[in-house]
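Here chain A shows up in two complexes: once beside chain B, once beside chain C.
Right after this comes the complex of A and B.
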């Protein structure tokens, strides 16, 4: 296990190093017009030191340190992504089981068709459709933003749902439900992608597990389908889903950037796009390094989680299987 | 029953011809294939068959609803937008930008990416290992994020979008082909070929390539859908093609403020994108299944 962690960390460090080199060269290309130095290695060394101490430079647009800007904005994005993952698990696992049990049947066919549409639908269009229907036509849900302007909630964690509950304003529950309402549409849009992925994975692994002999033994013992799924099927099928969820994280984060733009959600997406327009290079570079590093770390973390949960995988690692 | 088969000779189709035969039995797949060809033809000759030129504005017909509405007029079949531009013409022109652009990008990425993958897959040791780990990590960053990163360097624009999507797709192909070649290379029939004294090029041509067609097909469809989604998404974010170019995603971002007034300017371009991607997915999945069956 330790050896594996070191191996993974090694790859991570090398990749981050490469990323920083690319970012450095980009910055240099932009800045060389102003500063004319030939000492590239020395420059890079100084650059790397600054990065390591968390100094991403100062945003030309806002005048704040880039890292500070990112840290105030990023929780909004993270909140959205986490909600989407929770929804995708709640929806994806039961439907995946249903599809996996009725392989080739009508339920399977229906679920897989919906899944295919879910993969094919462009995020921004889906967002606009939902907005047209639920916000403009029915008027049930707000069109944009994180919370109504009437509420004033002090920022503690950056997660709105937590902040509203933690605050001691008299209207904190109203504020909580208001921010839940604001979350609803973006979450549905964002959850579409991981949900389809969870359904596919669960369906495949349940379908595979259900043909195995221990399931037949359980059936022979007289357990009903629900018990079999709960005690045997899911336990063996779910660990296979984890790594694919981890790989989804990057895609969800990117999709979140689009969703945020549609719903004017004050997250990293609109911030990044805006900075690209403004040609604010230190902010672009900081944001890019931050997002890439975050995605890579998340992937590594899910890999580790997978290893911890699934002993079979550990054997594979050491060539025992 | 009379037997007309005078020469009792069984024709054995090649695996690929057999796969094609299997695919033809798939009705939905065939419909999707014809629809795909139709979109391809639109992308090719769109500018000649579009009812209005790209810059045509009818000041007398702003925000005309589509022809199937009561106030609609049939010579603006899909209606017009806020500047009086015919939506149908825009969508036909857009086929070239979105579908055509994605197609060319994917073909180029497939050729170059696969070449790198094959070279990596046929080699062993350090070179292959570096490629493998590097690609592994690069692939954990999704293609759209990679494209946004590249755009943030190159600056917004339609050509830059294509370039960014091309660069973002490269690792996808390289990785898949690398893996397929590598897996194939360790199988026994290849070892037999090598013992027969076949050169690497010959092994590649007659041993490996025919057996990894499935990888090519599934990767190409995946790349095609993600290229279209990425190009339209970048267009939507305002980082890709700029107005007046009628790229489908750009059209949608342009009509964002018309959602309430003129819903058709939002639904129709979106439906076009959705239909195109669905068609590609259906064709790709059908072909993949057919090839897997045909190989057995």
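Right after this comes the complex of A and C.
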């Protein structure tokens, strides 16, 4: 296990190193507040030290250190992404099982058709469609932002749902529900992509597991389908889904930027777009490095999680199976 | 699992059904259009900074919304010396400044604050003159520093403005949202701590709301100023929701996330007036769009040609198609709400037949070809200059005049204006005060050619004389008479054809009351509430 972690960390360090080289070469092309000399290697060394100590420079737009700006903004994005993953699991697993059980049947066709639509629908269009219907036509949900602006909630964690509950305001539950309402539409839009992925993965692995002999044995014992899935099917099917979720993280983060811009969600998306307009190079670069590093770390973390949950994978590692 | 599902999805719906929220009834949300560059309107000319002005600050005098006359503000009364060179203001007593987390005032408003606020602008050596960039666009444009010799304290509640020359438009300038009164005590406090720039970022004023929080691209939070001299505002909280897209602003207004919105687009007017929950304030703004003829380029120095072209233009169609009827046809440059407006001017009515005849009689070589220069982006006085130019082009075609439209980015258009490259120009003017001088001087005076606001490039010593005479005259009736004469002259000479006055729109929800707006674009929440 330890060796595996070290191996995995090695890959991470090398990827981050390559990333920093690319970013460094890019920043040499544009004027930033970072002083360049003729000595490229020396420059790179100083650059790397600055990055490692979290010094991404000063944002020309806000006047604050870039890292500070990112850290205040990023929780909003993370909150949205986490909610989207939760929703994708809640929706994806049961529908995936249903599709997996009735492979080739009408339920399977129905679910897979919807999945296909979910993958191919353009994010911004889907977002606007939902906004038109639920907000403007029905008036059920707000069109933008994280929370009604009249609620004054002090920022503690940066996660609105937590912050509302942690606050001492007399209206904290009301503010919590208001946050949920604001989350609803962006979450649905953002969850579209990972949900389809979860459905397809669960469908595939459930389909595979259900053909195996131990399931047949369970059936012979007289367990009903629900019990079989609960006790055997899911346990063996679910771990396979985890690494694919990790890989999805990068895509979800990209989609999140579009979703955020449509719903004026004050996360990293509108922040990056705004900085691109303002040509704030240190902020763009800092944001890019931060997001890339975050995605890499998230991938590694899901790999680790997979390893912890799935003992079979560990055996594979050591060539035991 | 299914139960969890149902619960999760019913939560937001449930919350939306919970009427009677305790917080939402205690505040108003205004969808503003952008980040203010700072919190001191002295330093800026953008609408976003104007919108905050009336919430945070007061001015010495005010503009009466009904009569367009000057009424008292922080100054209880004022007196103008006989030669028109000295303006004395007597200040209201007991006017409290904001008491916030970053500053607690120890005294109420007095003459020092007024002196501080204006010396900051006019004295280059003032410790705060160059704080926050040291540029005062409104005061530069109105040549305030060249007009004011000194601002001095005569007593604890008495201030005097000493002028270089008589100028009756001073009061109108002091009534704008730019001429706010700051706290001298706060200034000295900041100076002692070496934080001069903070004066314009963390504001202290006397207005109905005080500053609480600003998150760029997100919100500005104000709270009620209990000590407000006109009585505390009805709502404890006011939030500006910064939303740059006009479409999103309207969407938020429809869903009720905002109670009022800034700058609805002309094309949105129909949606707003058709919606059962929304109301719209319509006011003729102090803005005008026009079609200017470059007098440096013959034959446009020929009055007969200009009149022929003017008669050919169907302004009502432009109003319908470009302004979506959110404007009125302009007769003369002044809007009908101005006190100097001349209602007796007969106008150049649309008649292609007459236009053709006038053109033939003018004796110039036909067919005539000309260029129409215009801006590619919407402007406060014209929602779509390019479309306006296209209509003019079509109308000219009917009388056999061939027009070529040149559309330029505002920046490039400006350099074309500086070089005088155009034959004709579709442009306009947004006045910043209600004073008629603010229309005539920039558009028609000889000096304004060098300032590039006189785009017809017509210079008449006689008209200049009249314009100067009008501002020196401090009695109203003779002044009106001079302005009517000016309008007669302009109507006959026609250096430019005024097209339309755009209406100042303001959209808000039906349950909001007491919202006030200024014809120059600002909004005032001092008496606004929701029922």
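The criterion applied here is as follows: the second predicted complex is superposed on the first by the 316 of 321 C-alpha atoms of A that agree within 3 Å, B and C clash if a C-alpha of one lies under 4 Å from a C-alpha of the other, contacts with A are read in each partner's own complex, and residues count from 1 in each chain.
To be clear about the criterion, a contact is a pair of C-beta atoms (placed from the backbone, for glycine too) under 8 Å apart; a residue touches a chain by one contact, two chains touch by 3 or more.
All figures in this text were calculated on a predicted structure; none of them were measured in a lab.
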{"item": "Contact breadth on chain A, by residue count: chain C or chain B", "value": "B"}
{"item": "Partner chain in contact with A:119 - chain B first, chain C second, else both or neither", "value": "first"}
{"item": "First (chain B), second (chain C), both or neither touched by A:284", "value": "first"}
{"item": "Partner chain in contact with A:296 - chain B first, chain C second, else both or neither", "value": "first"}
{"item": "Partner chain in contact with A:131 - chain B first, chain C second, else both or neither", "value": "both"}
{"item": "Which of chain B and chain C A:24 touches, first, second, both or neither", "value": "neither"}
{"item": "Partner chain in contact with A:90 - chain B first, chain C second, else both or neither", "value": "second"}
{"item": "Shared contact residues on chain A - chain B and chain C", "value": "131, 136"}
{"item": "In the complex with chain C, residue positions of chain A that touch it", "value": "62, 90, 94, 131, 135-136, 139-145, 148-152, 170-171, 174-175, 177-178, 180-181, 183-184, 264, 266, 270-271, 274"}
{"item": "Complex contacts: residues of chain A adjacent to chain B", "value": "11-12, 14-15, 18, 26, 116-117, 119-125, 128-129, 131-132, 136, 247, 250-251, 253-255, 257-258, 261-262, 272-273, 275-277, 279, 284, 288, 291-292, 295-296, 299"}
{"item": "Footprint of chain A on chain C - complex, ascending", "value": "1, 4-5, 8, 11-16, 18, 21-24, 26-27, 29, 215-219, 221, 237, 239, 241, 243, 248, 251-252, 254-257"}
{"item": "Residues of chain B that touch chain A when the two form their complex", "value": "133-134, 136-138, 140-142, 144-145, 148-149, 151-153, 155-156, 225, 229, 232-233, 236-239, 249, 252-253, 256, 259-260, 263, 266-267, 269-270, 273-274, 277-278, 281-282"}
